[in-house]
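One chain, subunit A, appears in both complexes that follow, with subunit B as partner in the first and subunit C in the second.
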Partner chain A sequence: MNKRRKKITNFSKAAYSMMLPFLIFFIITILIPTIMSLWFSFSQVSDSIDFVGLSNFKAIFKDPLFFKSYYNVFIFMFFSIPITVLLALIFAVLLNKPTIKGRGFFRTVYYLPAVTSIVAVSSVFLTFYNPTGLFNAVVTAFGGQPIPWLTDPFWARVSIIIISIWLNVGYYTVLFLAGLQNISGEIYESADIDGANSFQQFFKITIPMLKPVILMGMILSTINGLGAFEVPNILFKNGFGPESSAVTVGVNLYKTSFEMVDFGKASAISWTMVIVAAILSVIQFIIGGKDNEA
Partner chain B sequence: MKLSKFLGGVAVVAAVLTLAGCSGGTSSKDSKSGNKTEADLAKAERVKTGTLEVYAPKGKNTDYLQESLKIYNKKYKTSLKIKAVDVAPNVPMVQKITPKLVAGEKMPDLIFLQDSNAGSIFNKFEKNFYSSEDYGFVKKYGSNFYSAKMNMLANVAPSKKTYGFPNDWGNAAMFYNDKAFKSAGIDMDDIKTWDEFIEAGKQLKAKTGKNLLFMRDTGELDLVNYLTEEQGLSMFDKSGNLNLLKPEVKKAYQIIKKIQDADLVSYGNSKDYTAIGQKCGAIFAGGWLASYQANDYPDDSGDWRIGKVPAISESAKSYSPMSGGSSYYVPKKSNNPTAALQFISFALTNQDCLASYMDLSGLPANTKAYDTEASHKKFAYYGDQEILQTLNEISKDSIEGYAFPYTADLGNYIEAASYDIKKNGTSVDKALQKQADEFVAKYSIKVNK
Partner chain C sequence: MKRKIFRPTIIYLVLIVGLVVFALPYVYMIIAATQNNATILGEKINFTPGPYFMKNLKEIQEKYNYVKVLWNSAFITIVGTILSTFITTLAGYVMAKYRFKGSNLIFNLVMISRMVPGFAVLIPTFYILSKVGLTNTYAGVIIPGLASTTSVFMMRQYAQKFPTELMEAARIDGAGEWTIFLKIAMPVLTPSIITTALLTFMGYWNSYLMPLVILSDSSKFTIPLVIQNMTQNSYDPLNYGALMAILATSVVPVVLIYMWLQTKFKSNGIDSAIK
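The block that comes next holds the complex of A and B.
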């Protein structure tokens, strides 16, 4: 018995020793900044750090731009997340088929946007959205009217959604592909024997089996969407866009931090992001069903 | 178990040390480098050796500092050095220095900051800098600088004490394609008011096909500011309250509408401001445009001129709208604050240093610079016009404005109002009211009517 306990203790020591570097790194880079951010959100940060209670939260709730930024982000997420997930699913299923030639090449190509600088991508899209850019050249070639991509609130939002989809599809394709490869081929064989067609297999086997991965993808997209900053900031000089149609919570947070130098309010904004992301994630878990807990 | 307790201990100690470091940082500032007053430093002996760390954008400003340091070292037989760190003087500078200020870390000896961004720093961290006023710089040299510049610096900090060492200053000017206007039969020397300018624009378009000027397609901003300031009204009063609903702003929108209705505008992204403007009859911008225009569009050499922005009316006084400028600041918690104060006071007031700045296309805020030979340099791009003298004359009529932490953000609200008026057909009153309501709700300030 004692020998067994000693063995466990030795094992624990080794495990803790291996955890130590990560733990120290985690404390310094994540835990402490998180605690400080929470502290700042109840403080006025200046020559000294003074506790001010809820006044930072009261101030941001009085600002119409705060709500506008959330409204914009929800619009972006409402359209970009389902489209991204759907396209990624389609690509993943196609790339999972052994009959497709050059799968490795396509996987690399689809994944490329995920490792490309968002700043570079946004700058390239900026030229595409130019009144005489590529997109309007295509539209007018088909007899359409040039689209005011960046000068109309509706199209400004569409512009951001397009870039967001383009940037994320590849990443989620690879994520879903990994999930697909964990689904045993025997399940599909059984379905074949039972006479299920491809659509039935997709909706009755693939989607349910991929649910946890899809759910994770949607939660990641939600968190990324709330913090979106680079794309609106590059497409529009001030990150706002026409009638503030492009301003995101991330842009508002950045401007509050580094234009207003108000770290108290900025921390308060960031904590609203944490709370909203948590609420949305819980909702997604609930909608996703109990079986996704795995 | 012991190891897990140890790990827990590490976590707690690290957290406590970091938090203590943060709060301790703020209190230790006063006890260490910040314990000497400006008056003490003013009496200090000249520092002979050392390296000044300067945060400034690499280019003409760092070249000017290096050039000035040579003159300084020669004059005072010192051997100071400069280590320049390339940082843009606006938001990137704020980004770079604010974490240091919050954490109480060591700062550079000199920072170069745009006046419009200084308000947000000094609103929170005033005590972390040496005051140029208390150091005696303002009393000794202040009258040599543009009064608008000194007024701006005097109102940056909440205490209304001057902290900045004034470097450059510029007012908005009219850059116009003289050749194009002449080919349309217009002598721009005769154009004094906006009404005359608009008529000239119609003639220019009819004869050459060129539009008169650029406006932002997401809602005009610069012209609203310029036209308002020309009437002697800054967007904020001295107390920081908003002037957006004043009649002068509405008058500005009337003039803009006239130009738009006459179809004299090339619309575009504000990033393409100068590129589109170059194809128009005129560009309204600060003196900084001169150095870019000659480099970016060398084929147009000799065609362009610089003049004052047309007046709203001939009878009323016309002020020169602000374009902006930058200043140096000396942080308390730095290695060589005494040397920094001594050197920057010299560089900004010595005639040779100022002449070298103008050679590098800088526009010093020190008016004594315009007495030097360098200020009479002729610029071939502008038909041998002495543009430094022209810009100096324009700056003498500058409006006096203020830089509050929220000054830059107002631009977003003006753009939104302009968009609402132009694209949605909303009345000027209603559009301005909407934006003013949102702005004052955000910053808890008053709106003047």
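The block that comes next holds the complex of A and C.
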């Protein structure tokens, strides 16, 4: 008994020592900054950090750009998330068919945007969106009028939505594929016997079974979408776009923290993001849960 | 009968359309890198390679010292990936295989911290780094990415599949815990470690926000910073061919290496993340 006890403490010692390098960096670069960020959001940060109560939050709620940035992000998410999820579902279901040849190759190519620099992707699309770039060459080849991609507020938003769909579909395809592989083939076989066609199987089996994964994907998209910064910052000088139509919460945060150097106000904005992301996650869970019971 | 012949054709058609859409920007990077603005911005769609590749390369070397930029990116990425993979592999392995006082607390803190947006962490991190004089250094870009909670989570999932019996057998033979990790667990977990390292590698290579706020001296700039400088430069008109030459030489090779290793090790971490 005594010997066993000693052994366990020896293991713990080794475990602590193996954990230590990660723990040090986790505490210095994640845990302490997170706590400091909360503290900053109630402070005026310069050479000293002075507590100012709620004045940072009052300042951001008076700032029209703050609301504009949330409004823009919600428009982007409202259109890009459903399209992304739908396309990814289609690709995932098709790639899950064992009879299809080259599934691994398709899957790998679809996934490439997820590991490619967003800055690089945005700059390729910047070239496509040029008034006489590839996209307008295609449009005019079909007899259409050139589209003012980056200069008109409406089309500027469309441009961003197109990029974010292109960036994310592959990631969700692979995510959903992994989920589909957890669904046993027997369910489909018995559905076949009962005479359910492909569409019925898709809506009655695939979607309900994948719901947790879809939900997880949508929550991830929401959190990432709020902080999106690269795409507008490469497409538009200063990241604002025509009539500030491209400003995201991330762009606003970058301007506030590193150009206006107001760390207090910027931290306050970043904590509104935490709260909004939490609320949206809860809403998505409630909606998802309800459907499950029905 | 007709339905059976018809359907696979449609499936392949949809999949190939997807393939073209996802591969097009990469192919375009390579082709446009050999063209000049007159062709890239011409009225006609032109996918034939032009003669301007060397000229475009020369321009980015002269204007941005591109070789140095590649070196900066490579140094930060390689050092960061090795350090981060080592510490997160250790941590993931410990979380999967050991129970000790505070182990649950650590796991919960790691999981909760994943909910905090990057920007919230970035601002105080920048503040701390500037107080200790690490702004405008490679270390200032590398350190904030080391404690990757995604890598820890992935390695924990993988290490859970590592058989505990192997550890017990080694203990009976008198092996210490570190020896077990270095001599038994690491070799067994190598494919998983490479998968994790690959994602960390891409993370550092593509990193934009951290170098953007940390690096101010243009001789230390990484690839994404040079791309942003080109696209945001209002002094001279953007040479799209030169921009594409950067992408063709910095994005395409890395993506190809990724594809090769990915097919070799057949997992990208997502599978394990949701199971």
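Things to note:
The rule we apply is simple: the second predicted complex is superposed on the first by the 261 of 294 C-alpha atoms of A that agree within 3 Å, B and C clash if a C-alpha of one lies under 4 Å from a C-alpha of the other, contacts with A are read in each partner's own complex, and residues count from 1 in each chain.
Note that in this section a residue touches a chain if its C-beta (ideal position, glycine included) is under 8 Å from a C-beta of that chain, and two chains touch if they have at least 3 such contacts.
These numbers come from a predicted model, not from an experiment.
With both structures placed on the common chain, the touch criterion links A:V174 to subunit C but leaves subunit B unconnected.
In the superposition on chain A, A:G241 contacts subunit B only, with no contact to subunit C. Shared-chain residue A:V45: touches subunit B and subunit C both. Using the contact criterion defined above for the overlaid structures, shared-chain residue A:I118 touches subunit C, although it does not reach subunit B.
More subunit A residues lie in contact with C than with the other chain of the pair subunit B and subunit C. When the two structures are aligned on the shared chain, A:S190 is found in touch with neither subunit B nor subunit C. Of the two partner chains, subunit C is the only one touched by A:V138; subunit B is not. In the superposition on chain A, A:Q200 makes contact with neither subunit B nor subunit C. By the touch criterion stated above, A:F258 is placed in contact with subunit B and with subunit C alike. Applying the stated contact rule after C-alpha superposition, one finds that A:K62 touches subunit B and leaves subunit C untouched.
In the superposition on chain A, the residues of subunit A contacted by subunit B and by subunit C overlap at 12, 16-17, 19, 23, 28, 31-32, 36, 45, 130, 237, 257-258, 263. On subunit C, the positions that touch subunit A within their shared complex are 8, 11-12, 14-15, 18-19, 21-23, 25-26, 28-29, 32, 40-45, 86-88, 90-91, 93-94, 98, 100-101, 103, 106, 109-110, 113, 115-128, 143-144, 146-147, 149, 152, 176-178, 181, 199, 202, 205-206, 208-209, 213, 223-224, 227-228, 230-232, 234, 240, 243-244, 247, 250-251, 255, 258-259, 262-263, 266, 268, 270-271, 274-275.
For subunit B in complex with subunit A, the touching residues are 1, 3-4, 7, 10-11, 14-15, 18-19, 22-23, 26-27, 91, 94-95, 98, 102, 117, 120-121, 123-128, 217-219, 267-271, 405-406, 408-409, 411-412, 415-416, 419-420, 423, 438, 441-442, 444.
Within the complex, the subunit A residues that touch subunit B are 9, 12-13, 16-17, 19-20, 23-24, 27-28, 31-32, 35-36, 39, 45-49, 59, 62-65, 130-131, 148, 150-152, 236-238, 240-244, 255, 257-263.
Within the complex formed with subunit C, the residues of subunit A that make contact are 10-12, 14-19, 21-23, 25-26, 28-34, 36-37, 40, 45, 90-91, 94-95, 97, 99-100, 104, 106, 108-113, 115-121, 123-128, 130, 132-134, 137-138, 140-141, 166, 169-171, 174-175, 178-179, 181-182, 213, 216, 223, 226-227, 229-230, 233-234, 237, 250, 253-254, 257-258, 263, 266-267, 270-271, 273-274, 277-278.
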